[in-house]
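Every chain is named by a letter (A, B, C and D) in the order it is written, and numbering of its residues begins at 1.
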Amino acid sequence: MTTFGIYAVGAALLLTIGIRGALRRKHLLRRILALNIIGGGAFLFLVLLGYRESGEAGPDPVPQALVLTGIVVAVSISSFAIVIARRLNARTGRTELPEEGLD
Amino acid sequence: MTLEMLFDMALVGAVVVAAAYAINAPVLIAGVFVYIVFGVLLSLVWVRLGAPDLAIAEAAIGAGITGAIVLDAARQMGMERRRNPRLRRWPGWLSWAATAAVGVIFAGVFLTVSEGRGDLPQRVQAELPRVGVENEVTAVLLSYRGYDTWFEVGVLLVAALGVLALRAPGESPARRFRWDPPAVADGAADMLVPGGILMAGYLLWQGSRGPGGAFQAGAVLAAIAVLLTLLGRPPIARVSDRARDALLVVGFADFLLVGLVAVTLGGALFEYPPAWAAPMILVIESAVAVSVAVTLSLLFAAGGAAGDASEGGVP
Amino acid sequence: MSQLFLGVALLLVLLLVGGLARVLQGPTPHDRLLAAQLFGTTAIAILLLLAESSGAAGVLDVALVLSLLAMVSVVAFISCSRGRGAPE
Amino acid sequence: MSPRDLATVLLLLLAAFFFVAGVLGIVRFPDTLTRLHAVTKADNVGLGLVVFALLFQADSFLAGAKLVLIWILVLIASATSCYLIAGASLLDGDEESG
């Protein structure tokens, strides 16, 4: 297994764990954490695409730049989501979304 | 099997275990702590993959901003709660089968993609002299893909406006953390704050040559502001609302302005003339760093929920 | 020499995974917090070793940022659980 | 092996010992305050030894100064955090053994 393979499997696992968590957990904070873990998996794979095992040219800077903007956007959007969840909690005492019609 | 590979496997294993714990820990606050550790581990991964720019940003955001935001939210939303309910739309075996299928598909697809073989790195290298910076990531961010980064600064602005719009009536950051921090904490902060400001300046200046840049500098500044907010002296409360709004917008506006200057000098938007590129990029980066710092610290400082102050002291 | 650095770094990663048990067990939030604090220091040590073994630029800066901000999460937890809701 | 390398190896092994002790302590010790004690050993001594070990390999004054600075910052942060955690833990009276 190559270095690329090790991290690629890691990215796949992060995406899977995150998707499962986001779909199965009810607590909103956990769901937001799960979304961030999905983001981490996606970022990992993107950076990996620019990784060069060897060679004179260093790692590809383009995916790195994209992921850098991604990290900053992810933190701002997830803190916005957390504020919404906290307002819901303060208004209704809920920590979960209501689920009418789903059961 | 080399030692490098063993290390990479252990690191990936640690990241995956941390991710699984963060979501599935029985007690919410345990999951939140493990999530903070997850961020730190991810920055180790960026170091291993040759992306120190990302590692610095992840470290500053993960250790300084995300941690404070999620801990504050967990306090409000039941940090000691043990029940960790899950949706039970599907029977257990079916959901596990679906999970395994998703995992296999992702792993299969990722593994068929071989390492990038494009010539992008060479092309980035070839154009560097015309951009005026030596750090390739900074060049991509501010020059080659100026639109992306400009809009990203716009996304930050939108998030900040959203948080401000959702603010509880009468809530001010100055009122959120009212306690008597021990003198030790204040003293340590007095030593760390100048260090942080220095570090941000260094990262901003360094960004044209090595790892660093506007986002890293802004994130470090924001983390320092978060620390001060936690200790009951939020920097954001020291400026008027109008000044705060101006600081929020300055990155977005300045980016566009410099881009338009490039147009008047005969290029396309964000196509800086080579002779002027280096100072123009530094001007953009300085303004963006300020806006990132104010936005990220505001996301924490103004992120409290309505009625927080009346909730009583029992967590 | 660089193999030794990497070996010690590997040991530290494994220790970190083992220590996660304390974050999960608690029993009090302070125990969990303490473990998280230890992981911050461990990560800084790993970064120093990686910086030396790879010689890549900027790795020390990552460690510098982490050490500057090592206190923030702890202060956040303590002030969130203790500093709130003081009567007006 | 030059004397400098030898010093690095010995100091690193000692550092590894302190980190192992710290983690063992945090997993095995019975209550918050004893665990705190274990953590501070790993924090301050373990990282300090790593820094000293690497100082023997530092190739420029700047890199060495950065290493020492990192250690000093961790000392400040660790002392403060442990003080805060100990204080909060005593105030909460959470002495239930784990």
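We adopt the following convention: a residue touches a chain if its C-beta (ideal position, glycine included) is under 8 Å from a C-beta of that chain, and two chains touch if they have at least 3 such contacts.
Please read these numbers as outputs of a predicted model, since none were measured by experiment.
Trainee: What's the farthest chain from chain D if centres are computed as the mean of the Cα atoms?
Mentor: So the chain farthest away from chain D turns out to be A.
Trainee: Where is the C-beta contact count highest, in terms of which two chains?
Mentor: A-B
Trainee: So the centre of each chain is just the mean of its C-alpha atoms; given that, what is the distance between chain B and chain D in Å?
Mentor: That pair's centroid distance is 27 Å.
Trainee: From the mean C-alpha coordinate of chain B to that of chain C, what's the distance rounded to whole Å?
Mentor: Centre-to-centre distance between chain B and chain C: 18 Å.
Trainee: Find the geometric centre of each of chain A and chain C from their Cα atoms only, then give the gap between the two centres in Å, rounded to an integer.
Mentor: Result: the chain centres lie 21 Å from each other.
Trainee: In whole angstrom, how far does the Cα centroid of chain C sit from the Cα centroid of chain D?
Mentor: Result: the chain centres lie 11 Å from each other.
Trainee: Of all residues in chain C, which are in touch with two or more distinct other chains?
Mentor: In chain C, 16, 26, 33, 35, 64, 68, 70-71, 75, 81-82 touch at least two other chains.
Trainee: Which chain B residues touch at least two other chains?
Mentor: 4, 50, 53, 185, 188, 192, 195, 308
Trainee: Specify, in ascending order, the residues of chain D that touch 2 or more different other chains.
Mentor: 73, 76-77, 80, 84
Trainee: Spell out all pairs of chains that touch, sorted by label.
Mentor: A-B, B-C, B-D, C-D
Trainee: Write out the stretch or stretches of chain D touching chain C in their complex.
Mentor: Contacts found on chain D: 5, 8-9, 12, 15-16, 19-20, 22-23, 26-27, 32, 35-36, 39, 42-43, 46-47, 50-51, 54, 57, 63, 66-67, 69-71, 73-74, 76-78, 80-82, 84-85, 88-89, 91-92, 94, 96, 98.
Trainee: Quick check: in the complex, which residue numbers of chain C touch chain B?
Mentor: 3, 6-7, 9-10, 13-14, 16-17, 20, 23-24, 26, 29, 32-33, 35-36, 39-40, 43, 46-47, 50, 54, 56-59, 61-62, 64-66, 68-73, 75-77, 79-86, 88
Trainee: Give the list of chain D residues in touch with chain B in this complex.
Mentor: Of all residues in chain D, those touching chain B are 73, 76-77, 79-80, 83-84, 87.
Trainee: Okay, in this complex, where on chain B does chain D touch?
Mentor: Where chain B meets chain D, its residues are 182, 184-185, 187-188, 191-192, 195.
Trainee: Give the list of chain A residues in touch with chain B in this complex.
Mentor: 1, 3-21, 23-30, 33-34, 36-37, 40, 43-45, 47-53, 57-69, 71-73, 75-80, 82-87, 89-91, 95-96, 99, 102-103
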